[in-house]
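One chain, chain A, appears in both complexes that follow, with chain B as partner in the first and chain C in the second.
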Partner chain A sequence: MAGVNRQVLPGFSLTLGYTLFYLGILVLLPIAACFIKAASLSFDQFWGAVWTERARAAYLLTFGAAFVAAIANLLLGLLLAWVLVRYSFPGKKLVDSLVDLPLALPTAVAGLVYAGLYVENGWLGQYLVPLGIQGAYSRLGIVLVLIFVGLPFVVRTVQPILEDLDPELEEASASLGATRLQTFRDVILPTLYPALITGFALAFSRGVGEYGSVVFISGNMPYKTEIAPILIVARLEEFAYGEATAIAVVLLVISFSMLLLINLLERRSMRHER
Partner chain B sequence: MKRLFAAAAMSALLAGGVAATETTLLNVSYDPTRELWRDINANFTRLYEKQTGIKVTIKQSHGGSSTQARAVIDGLDADVVTLASYLDDDAISKTGLMRADWIDRFPNRSLPYTSTVVFVVRKGNPKGITDWPDLVKPGVEVITPNPKTSGNGYLSFFAAWGSVIVRGGSRQDAIDFVTRLYKQVPVLDSGARGATTTFVQKRIGDVHLAWENEAHLEVREAKGDLEIVNPPISILAEPHVAVVDENVDRRKTREIAEAYLTYTYSDEAQEIFARHFYRPNNEAVLKKYLGTVFGDIQRFPITAIARDFPDAHKQFIGEGGVFDTIYKPKGQ
Partner chain C sequence: MSADGPSVGHRATAPGSIRQAQQDPAWVRWGLISIAITVVVILVVIPVINIFVSALSEGFGVYCDNLFADSDTRDSIMLTLTVVPIALVANLIFGLAAAWAIARFEFPGRTLLTALIDLPFSVSPVVAGLMFVLIFGLQGYLGPFLRRDGYAVMPYLTSLPAVVVFIVTFFLLQPRREKERRGPWKHPKLALLAGSAFVFGLFCFGQQYFEVWPRNQSLKIIFATPGLVLATAFVTFPFVARELIPVMEAVGPDEELAAVSLGANGWQMFWTVTVPNIRWGLVYGIILCNARAVGEFGAVYVVSGHIAGQTDTMPLRIEKLFQEYNLPGSFAVASVLTLLAIFTLIAKIKLERKVPSADDHPAMRNAPEAGK
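Let's turn to the complex of A and B:
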């Protein structure tokens, strides 16, 4: 017991206790409830609920769309963060605040507005639909709204790192004869990897969990544009709580494994940096 | 979690209400009935205070019907439930919150009003839609919400199915009809409101299968852009009312709750239902509006196509039911 107090910083046990309690109540307890509810099913019932052909199509779409959207956000977010940190232009503060807006807007509104824009008689749809680009009631539509809701994450994780980046590093790289591309690729980018990966993971998880905006733009056609959370709602509608939570458990397990993997990747990239 | 929160907040609210001298009732209902119950509540509270001297405040809660049922099951302190379908009442009753004979407590199987599913079409009915078979003509796009996630959705499905069966078609004819029908549904919105938005604001589809009361509001809002088509045959929609026994006994509100629901059968309340485009139970009141507000539709009960609502839902909509086979990719 006495050994604990030898830490230089005070209050370790207090803050650790608080953290565990907080995480337990906010995160672990609801997830545990989910697992317990799902455990009320027999194995056959569980498997029958989570592994139908239709459910598999929905998982693939949910994770696939979230992945594509997170990749898009990775590129877009890096670009945005770069512009916001490295250039100064009138209205920069405004653009900077706009980045967080997707977090504040109820996502159902985003879904409705996006669908309205991309339908055949919408502002954008009237030009895009004749070209064969269906932005509403399609998989593309799902990716579009997921890019919207995930936008802030990469920007906000990369921005502070870029701000702290010493310009002398780039000057040194240039004076040693590196081209601008080499400087970017070999000097700047590696320092950004951990932040990029974190931003990607956040945007990806946000996309997997998103429901409000997607139901309004996807059209919810089974096997085509039906995301997994829709299946959960459908089972709840039958008052089949057990089956609904079974699907939720599958989503949780897949998401958690992917997040763990991403975390490991991040660790590795940090070690590389040193 | 959100539901638990809502339940907690609601009980806190109600506890506050009881502490004061006046009595509160909570009526848990479904989405489109907000204005209807506001009118009925205002009239009932006035009448009840005059008759008994007791001041009642009636709180309303609205949302998707089965979501509301789940909230009540999870602990939302409803004194009365006025939900969209027997399925939802049945789910509550199965938990023991309502006694099994709940449906026989009020006249006409606890149905002060009924409704049905009608068609809404664009101005001038350009596709010439008058009856169910017209919905599967080539080039006709049908808007109706997902039967799996929406009460409006499964009622439309039952109506479509029954339109074949009640006219003497076989089960296979009915399967063929609904399969063709749902192939002409370009968007399966998750709820009734979403489907209305798709049809009205995004101008997608030629015909919208809507609750009769919602169809009237939709057409009135559109100011001439839309019209109602009454199919010759459709489903008898049965939104029951019920007292939640366990809650009223605990809160000692049974007497008022029962008086409240009994009041919905009075001539005054029946008129209010009709004015909000719900078909009143009272024949005399209904007759006044028949032909003008309400079309002449042969409304078949659910027993024409299944044992009851739960049976119909299981056979047609539930996991592995008829609806699931419609979307199965070919060759499976």
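Let's turn to the complex of A and C:
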């Protein structure tokens, strides 16, 4: 549909030019600056910054916590999407809209309130801490806030696919003698794989970059509860710009690879649909 | 590519359309429903209630004092109200331009450009802040220059928008029909080049002549408001464009083509056809962008420098009060942001029904690009 209009509709060169200009100045130039700065470091400096014991602990925690949280989001998201599409119950609309709250709520607010809830005298902590579950100032706390910020992604990628699912598939499966569980496992679940993977990847990459909420709940202890973005800030506060940039570049490269992966997966699943 | 935020137009299935074979046993149904509700209550509902209870724990009077009597908190609210609108308007203009170029025209690299617009979503906010420190910070690439004579750049910077205004006016006043193009429009390239140079020179010279900007003074970008605006604009960069592109594609170009063929110029077409058609998508994008801009923490944290009363936005103020063990004050600021989030959510639900989606436009149903 696009393409025939360039001779007729006005403003092509103007809008495209401005788009490229603004994108270049605000996004591409800063990203380039980050890579140029990292390239100006010698290999030893770079390696010395990104492969210290403290940095390794931070990567492990960042990606580990984001991974665990994304797995949790995968399960919870599938459950929520299923319940929201298939069942009707009082308050369904409210639950449906509350799923989006993590997108609208500032992450600092989420971190603040989660830290307050899970400390020893908090609303939830008073029951959990005696059981030995430390939800605040611990790795568990980091996973908890990451589950919160990532909650909408899987739900919102799976929901539309589940809605569009052809009911005849399930009718056919049932008439051929499959139980409900078999139908779900062998018929429904495979059609949801692309959406589940996309949602997982989105939640994961969001979790890797998350800073605002984690800084409140983690306690930021080096080697224990320090995620990579917190390490970058710590390096910046020591005015070690080179080291901070080196760690930032590691994060950038990983998130860009994630983005590429998501795009490839989406393209593949779109080809399957056709 | 769907990164941050769900796509606009999903529809709930009517309960009546669930067929016999899709029906789960009652115990499965109610078991799953109660687990789902428990999850949402623990993850979302309890925290939201807790925010308001904690904020009001010492009474409404103290709550108001925490918000308005503390001068640093007041300043942080004012700063957020300054930074967010600027970033919002900048991203709004960009979003309109990008949506027009991408949804209405075909050009090489269109898919790549669409993907590049999403790039800021995959950059960790802290890294985004770091980038601006690397460019504008004291030890950054532009640092020495900014410190020595930072304001020298202002005449050029302010002349650029003037040139943009000139170019836009030139195109808007250009008659649509080739035959009617006279004078400057007969040689558009030449006229644009000469006119831009003239406008640029005039503005630069004028500002130098009247000494609008101080000389040999350092211009602070990092640890000052401009840096906060840049960081916020970077993080919220994709929102408006991402919402507008699918809406514009769904609406289709037919009405705009009709307007132009009936003799409307670009300006008239934009205000009387395009904007009314996409208005709900526009409002939706602005609301989402606003919510994220107000709440942005990581990027702003790095560029702010935490000067109380000067560079603390509301989320940063929350953190500072938290560090000072002033929890009621911290929760009071948080409650304001939570109210905004709830308002955003309500507006989102109301608007989702009004935003045209790809499904509404029959011609788009089979197009592979429809969902993007």
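Here is the rule we use: the second predicted complex is superposed on the first by the 224 of 274 C-alpha atoms of A that agree within 3 Å, B and C clash if a C-alpha of one lies under 4 Å from a C-alpha of the other, contacts with A are read in each partner's own complex, and residues count from 1 in each chain.
Just so it is clear, a contact is a pair of C-beta atoms (placed from the backbone, for glycine too) under 8 Å apart; a residue touches a chain by one contact, two chains touch by 3 or more.
These numbers come from a predicted model, not from an experiment.
Chemist: By the touch definition at the top of the document, which applies to A:34: first (chain B), second (chain C), both, or neither?
Modeler: A:34: touches chain C, not chain B.
Chemist: A:203 in the overlay: touching chain B, chain C, both, or neither? Say first, second, both or neither.
Modeler: neither
Chemist: Applying the document's definition of touch, where does A:236 land relative to chain B and chain C: first, second, both, or neither?
Modeler: both
Chemist: Going by the contact rule set out at the top, does A:106 touch chain B (first), chain C (second), both, or neither?
Modeler: second
Chemist: Is A:248 contacted by the first partner chain B, the second partner chain C, both or neither?
Modeler: A:248 sits against chain C, while chain B stays out of touch.
Chemist: With both complexes superposed on chain A, which partner does A:121 reach: first (chain B), second (chain C), both or neither?
Modeler: So A:121 only meets chain B here.
Chemist: Is A:53 touching the first partner chain B, the second partner chain C, both, or neither of them?
Modeler: Once the two structures are laid over each other on A, A:53 reaches chain B alone.
Chemist: Is chain A touched at more residues by chain B or by chain C?
Modeler: C
Chemist: So which bits of chain A does chain B touch that chain C touches too?
Modeler: Chain A residues touching both partners: 30, 112, 115-116, 215-216, 233, 236, 239.
Chemist: Which bits of chain B are touching chain A when the two form their complex?
Modeler: Against chain A, the touching part of chain B is residues 1, 66-67, 69-70, 91, 146, 148-150, 186-190, 194, 197, 201-204, 313, 317-319, 324, 327-329, 332.
Chemist: Which residues of chain C touch chain A in their complex?
Modeler: These residues of chain C touch chain A: 1-7, 10-13, 15, 17-22, 24-25, 28-29, 32-33, 35-37, 39-40, 42-48, 50-51, 54, 90, 93-94, 96-98, 100-107, 110, 113, 115-120, 122-128, 130-135, 137, 139, 141, 164, 167-168, 171, 174, 176, 230, 233-234, 237, 249, 252-253, 256-257, 260-261, 265-266, 269, 288, 291, 294-298, 301-302, 315-316, 318-319, 322, 327, 330-331, 334, 337-338, 340-342, 344-345, 348-349, 363-364, 367-368.
Chemist: For chain A, which residues are in contact with chain C within the complex?
Modeler: Per the stated touch rule, the residues are 1-3, 5-6, 8-12, 14-16, 18-20, 22-23, 26-31, 33-34, 37, 76, 79-80, 82-89, 91, 95-110, 112-117, 123-124, 147-148, 151-152, 156-157, 159-160, 163, 167, 170-171, 173-175, 180, 198, 202, 205-206, 208-212, 215-216, 228-229, 232-233, 236, 239, 241, 244-245, 248, 251-252, 255-256, 258-259, 262-263, 266, 270, 274.
Chemist: Using the touch definition from the top, list the residues of chain A that touch chain B in their complex.
Modeler: 30, 49, 52-54, 112, 115-116, 119-122, 136-137, 215-216, 219-223, 230, 233-240, 243
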